[in-house]
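Look at the two complexes coming up: chain A is in both, with chain B in one and chain C in the other.
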Partner chain A sequence: MIESIVSYGLAVGAVYAMIGITYNVMFSASRVFSFTSGMLGMLGGVLGALFITKFGLPVVVGLVLVLACGVPIGVITEIVTVRPVLKSLEQHLYVLSTLAFALMVQQLVAIEWGTDAQPFPRLIPIGPGWLDQQFWLPMLACAATIVGLEFLYRRTLVGRAFVAIAEDNYAARALGLPEQGLRVASFALAGIIGMLAGFTGAEMLLAFFGNQSILNFYGFIPVALGGMGSNRGAVFGGLALGLFQQAANFLLGGIFAAVAVFVVFIAILLVRPEGLAGVSTTRRV
Partner chain B sequence: MSTSLRTITRRQVLAGSAVSAAALASGFPAPAIANSDPIKIGYLPALTGPSSSTGVGINRGTELAVEEINAAGGIDGRRIELIVRDTQSDPTKAVNAVAELTQRQKVAIIFGPLNSGEALAATPLIARDKVPMIHPCWVDQLIDVKKYPMAFRNAPTNQQIGGAANQYVIDVLKLKKVAVVSDTTGYGTASVDAYVPMLTAKGAEVVFSGHIDAANPDLKPDMLRMRSAGADVIMPWSVNAGFLARILNTRGAMGWEVPVVGQTTLGSGQTKALLEKPEHWNKVYSNNFRNVCFSKDGKLPARAQEFVERLRKAKLDMGDTLLWWIALGYDAPRLMAETIKAAGSSPEQITGYWNKLKAWPGVYGDITFTPELHNGFQDDQVIMCEVNSLRDGAFNLAPGYGA
Partner chain C sequence: MTVTDPPIATEVASAGRQARFEIALPWLALAAAGAGLPLLDDSYVGVIAQRACIYWILVAGLNLVVGFAGQIAIGWVALLTVGAYTTAVLTAGTVTSAWDPYLALAASGLGGAVFGGIVGLPALRLRNFYFAITTLGFATIVTQVALAWKSVTGGGIGTPGPVFPWPFDPGWGFYYLCFGLAALATWMTANIAASRFGRALVAIRDAEVAAEASGIARPRWLMTVFLFAGALAGIAGGLFSSLQSYITPDAFTFDLSILFFIAILIGGRGSILGPLLGTIILTVLPELAAPLVAWSTFLYAALLLVIVLAVPGGIADLLDYRNRRPMKQHRVIAPRPELLPQLLGEHRDSAALVLSDIALNFGGVRAIDGLSLAIRSGEIHGLIGPNGSGKTTALNVISGYYAPSSGQATLNGIALPFKAPHTRAGYGIARTFQTPRLIGGASVIENVMIGGTCNGEGSFVESLMGLPRHRRDEAYFKTAAMRALETIGLDQLAAVRADRLQHSELRFMEIARALMLRPTFLMLDEPAAGLSAEEIRRLGELIKAISRAGTGVLLVEHHADLIFDICDRVTVLNLGKVLAAGTPSEIRMHREVVIAYLGA
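This part shows the complex of A and B:
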């Protein structure tokens, strides 16, 4: 039981964490909560199965193509759903625009790909048991993502520019940083991370159009738990969520596991509205 | 006096009119010119959209039957004109199509809708417009002789589907400790709620029953619970291939050789595609129909065998669909043509004929209706099959049935 809770919990938690990071990367650059994060995760699985199973491409080529697809989708998201509503952020129109775009893409996938779950190929034939690739691949991808982002944000000039935009948009622009270009680049990066989450988690979650709403919900929880904009918080929140969900699955079972997750989530937010790892900010009046 | 005189006059006028109408209807001979207008049959398959695989299969049989009837001269020289409206698996589209078929096209009968979701929306409207309908949908509430006196079903009900699975588990496999599970959809929860009391009434012990979130990728916790409860058979009720495949894959990974008995999706190609190993499909038995299954000697019943040969002659593809879908689609126009030929094409004539229909020999199954019962399929025709035996669109009867 413990083995199953740890292996499945951490694996699924890593997928949630990466979707949380996808939310964060887009949020940092635009202050917009883009509900296209779950859509990117769903597409990672569907496109992976399409390229590798249907088209018969090698796994590496399939992975590269899937990640490459994340770039234009991220850019289109920024241009179509975020840029037009940036001027009126306080009206929260982005909820509608990003959700509408995500639902449109989901319907398109339902029509073209089908509404039944389809298999995702086994990429590396190790297992079964806890060594199975479906468990460690999402964890590996999550670790690579967080290390890569930390390196980007702390060690590179472009990364520091991203951080500057996230910290203070106006000040960064006053310094001459190309705010719009950096925002577009952030959405492209989020596209890659979301696709990677979906691709590496697809053997567990299958290539299924319905994964979009699940990933949108469960990917948002790590962000809320870990604090908005905090990638380390998202990883911590995602893994904790995965473990808790799987433990609830064993202890309570059935539909009560999902109820338990939401009860704990609401309880935490009632006690710490800024998230477990977030920092509460004072508002000047 | 004047009042009574007026009353008498009215009555006389009414009576006179009735007599005149009766005289017109019965006394005068019909015109000698034969009516050569085609007979319009409304047809509401889902040929596109998420639930269309059934419709596409049924449609092959329907089109073949109509072609054969028309090639043989139609109904007393009148061709059948099939007015097809694709519901696109969408109840709203089905409702719009009903209005067109009943009010503008004035069809004699409607075949369909072929999916329960669309039939639930369309049946009250077809009943309101007083057009006879026949459909193959399983939801029990779709047939109600009081609310929908002109609606008939040429397929089993959900009660019969669950009843056949329960009967197989208890009477044929002789298993008593049952785990009944479903996903959280309306179909799944309603099935568990309906079938658990049926099992208990038959003397089984339901050691585990519950609804599982189909989005949950890991079903091992629930499966472990079933095993520790002592279940010696699992009965999952879901049309979600992903959910069913996860049950079968988890059973395989646990090395638990418990039989799985349930709905037809267990034997679908979508479920098969999601299995980690082909052997995970062993000891899985799904609903099917006696008339279109291979018996122990590997032969189809004579009527189905003859039908398969006719399909081969017509070069109809069976490899990507199921024989029972094609057979069901083939039976409906033949029944309609026979009805109109024997009784006429008015709604009352059609309904009157169907209300007395007894053991009409379809390829899919024998159909019997009475004025009180418009569910035409017989209990003993619903059986279980071995899902891993699919060939040419048909399955072997599950072990334990007589030849």
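This part shows the complex of A and C:
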């Protein structure tokens, strides 16, 4: 039992962590939390199943195509739902614009793909137990994502520009950084990461349009726990969430596990709204 | 000289009668249409009308949460679910003995209130997206529980809804029950909207800091409205279970949440008629476009996107033609300080607000370093100093936004609590802000009325039912606010939306808001910034008159002329320390002050 809690918990936690990172990458560049994060995760699974099972494409081609789809979706998200409302005084409008866009895409999937959960192909036939792809693939993807992002942010010029924008938007613009271009690039990058999360987690979560709201919610918890904008925080938060959720599933049963996760999430947010690792620096008056 | 009621009041009254008729007209039309609907004798129409009424009962409450208080509660369908299952399970008699449906409906209202409180709890500390995602999470959880808790809810198979016995039996009887409750919900929320509670919610939405300074404790006010909105949603759920006659978790999809939310956005924030029309339109529309039923959620979402991007103000904004008329150019603010005694009351006890040895650090920066000063009633105390010398910080300590690391602030010897800005109004301490904090969506007079919020006596329930104490409060607020506006010279603009005012007018409006409290102490944070020379002169006279009427004034300012002209005492800050204190003539001669700040 312990083994299945740990393997399944870490795997699903890695998916949550990657969705959390998707939130973070968009947030850093725009101060916007986007409901399209869960949508990307959902699409990763659905498009993967579409390309590989329905169209019969090779696995690698399918994966590349899925990730490539993340780019235009990310860019469209930025242009349609974020850019128009960033200018507006009422900043919270982004909550509604991104939600609306995500729902439109979800409904398109529901209509064109169907509302039933469909299986995702088994890509690498080894296993069972720990060696099963559904467990190690999300963890590997999550590790690759965090290592890749750390490399990008610390070692490359573009990455440092991302960091500068996230740290101080005005100062970065004063230095001549193309803020808008970097924001679009961040949304494209987030598109790829979200798609990767959905693709690698889909054997567990299936190709299902309803995953969107689940991933939106459970993917945001790591962000709330780890502090907004912190990718490493999101990884720890995601893995902890996955383990906690699976443990609660086994020990308490399905209903109470969901309630337990929700209660703990709310309790933590109420006690430390800035996240367990975050610092609060707001000046209101 | 005796001051009679100003002429403006009678003018307002006669114009008011026609305006009131204009406002009442759509309501009368809706009431007549609703009451006469059974004459059509079409049961299909009846079902749609029942659904519209039920949705509106929920949306009416949610409107206070979303449209007035500005909380992005997107998972409200969860409360409909809770209400529906409560009524259905209690009347089914599978878990308990079978309840009377009307009693079960009341229980749904109670359950809805409890869960409304639970959903609202995070809003006390969380903002925007954070709160939105917790409501979304709650909706997800409720659906999962409804599916999994088979012994009670019947799981995916569902459970039958109740049939209400005579006189509200299925058909038009049930319709009248829904219609009656919808009318009641409309009436109650309209009462709230026109009360200090409704205004306070809008203040929390648009200018939270100013709301706190006016004595509005955000947690308590938000929780009250969440409980009320939850109760309405619970009752709507109970009726919904009877309308559906059989409920499964599938009946409560997230689409419904979106529908409720869009109804409010289409209608416009801070309106009641708008969201009501929005609800009717969104309920009827899918019936007219039957082939599109599969696309309904997609269309709702697209509609949401269009509204957010194109018309964030909704129907109410489009219909608000009065606030699109061009305003008079070159308006002059002509304060009438002679009205002050009437506004503030004749007799004032003398009081003293004393800061002793206050120190405050921001990280490594010592913002205030051992500040002591005393403000007495009837006196104007000037606080000046270079930028960054700690003037505004001192003001924020007095008004309770910051807690100093040492030292204390006392009012007549009683220590003031820190980090509790909403308590200051109760102590009779009012303030204005360096950048005016306006409630942009509200009219000027409503902005001013906010200042007196804690002088109201009626409770939320009294306002809900429109009881006498609520009406007395409202009459008092209206006259006092009008008087405050006459005093500061903005009475001509009373009905204009505050975000249309120019900068200098906003500064005076904030003073009017502060005067509404009848403050013992008034703190002004750079009131002359951005004013013309003539306006500064009038402001000076007004401030002087306020202090002569018995109020202690603390004036933070950069205009040295104004300070030396009207202040009785002046304290000069530099780098958080008191550089000098004394009468204006002493300060003007003070060598270090001249070097550090005034210049030769």
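Everything that follows uses one rule, which is that the second predicted complex is superposed on the first by the 279 of 285 C-alpha atoms of A that agree within 3 Å, B and C clash if a C-alpha of one lies under 4 Å from a C-alpha of the other, contacts with A are read in each partner's own complex, and residues count from 1 in each chain.
Methods note: contacts are C-beta pairs under 8 Å (C-beta built on N, C-alpha and C of every residue); 3 or more make two chains touch, one makes a residue touch a chain.
Nothing here was measured: the structure is a model prediction, and the numbers come from that model.
Visitor: For the overlay on chain A, clash or fit between chain B and chain C?
Guide: Result for chain B and chain C: clash.
Visitor: Contacts for A:54 in the overlay, against chain B (first) and chain C (second): which applies, first, second, both or neither?
Guide: Neither partner.
Visitor: One more residue to check, A:84. First (chain B), second (chain C), both or neither?
Guide: Only chain C; A:84 stays clear of chain B.
Visitor: Quick one: is A:255 in contact with chain B, with chain C, with both, or with neither? Answer first, second, both or neither.
Guide: A:255 contacts both chain B and chain C.
Visitor: Counting only touches as set out at the top, which of chain B and chain C does A:214 meet: first, second, both, neither?
Guide: Both chain B and chain C are touched by A:214.
Visitor: Touching A:101, do we find chain B (first), chain C (second), both, or neither?
Guide: After superposing on A, A:101 lies in contact with chain C but is clear of chain B.
Visitor: Touching A:154 in the superposition: chain B (first), chain C (second), both, neither?
Guide: Neither partner.
Visitor: So in the superposed three-chain picture, is A:266 touching just chain B, just chain C, both, or none of them (first/second/both/neither)?
Guide: second
Visitor: Between chain B (first) and chain C (second), which does A:93 come into contact with in this model arrangement: first, second, both, or neither?
Guide: In the superposition, A:93 touches chain C alone.
Visitor: For A:115 in the superposed arrangement: first (chain B), second (chain C), both or neither?
Guide: In the superposition, A:115 contacts chain B only.
Visitor: For the three-chain arrangement built by superposition, which of chain B and chain C touches the greater number of chain A residues?
Guide: Per-residue touch count on chain A favours C.
Visitor: From the options 79-87, 169-177, 187-195 or 277-285, pick the one stretch of chain B whose C-alpha atoms clash with chain C.
Guide: Stretch 187-195 of chain B has C-alpha atoms clashing with chain C.
Visitor: Under the contact rule defined above, give the chain A residues that sit at the interface with chain B and also at the interface with chain C.
Guide: On chain A, the residues that contact chain B in one structure and chain C in the other are 110, 214, 253-255, 258.
Visitor: Tell me, which parts of chain B touch chain A in their complex?
Guide: Residues in contact with chain A: 50, 184, 210-213, 215-218, 220-222, 224-225, 240-242, 245, 253, 270, 273-274.
Visitor: Which chain C residues qualify as touching chain A in the complex?
Guide: It comes out as residues 70, 72, 74, 121-122, 124-130, 132-134, 136-138, 140-141, 144-145, 148-149, 208-209, 254, 258, 261, 265, 294-295, 297-298, 300-302, 304-305, 308-309, 312, 392, 396, 401, 433.
Visitor: Can you list the chain A residues touching chain C in their complex?
Guide: Touch list, chain A to chain C: 33, 80-81, 84-85, 88, 90-97, 99-101, 103-104, 107-108, 110-111, 213-214, 216-217, 220, 224, 253-255, 258-259, 262, 265-266, 269-270, 273, 284-285.
Visitor: For the complex, which residues does chain A have touching chain B?
Guide: The contact residues of chain A facing chain B are 1, 4, 8, 12, 110, 114-119, 128, 204-206, 208, 210-211, 214, 246, 249-250, 253-255, 257-258.
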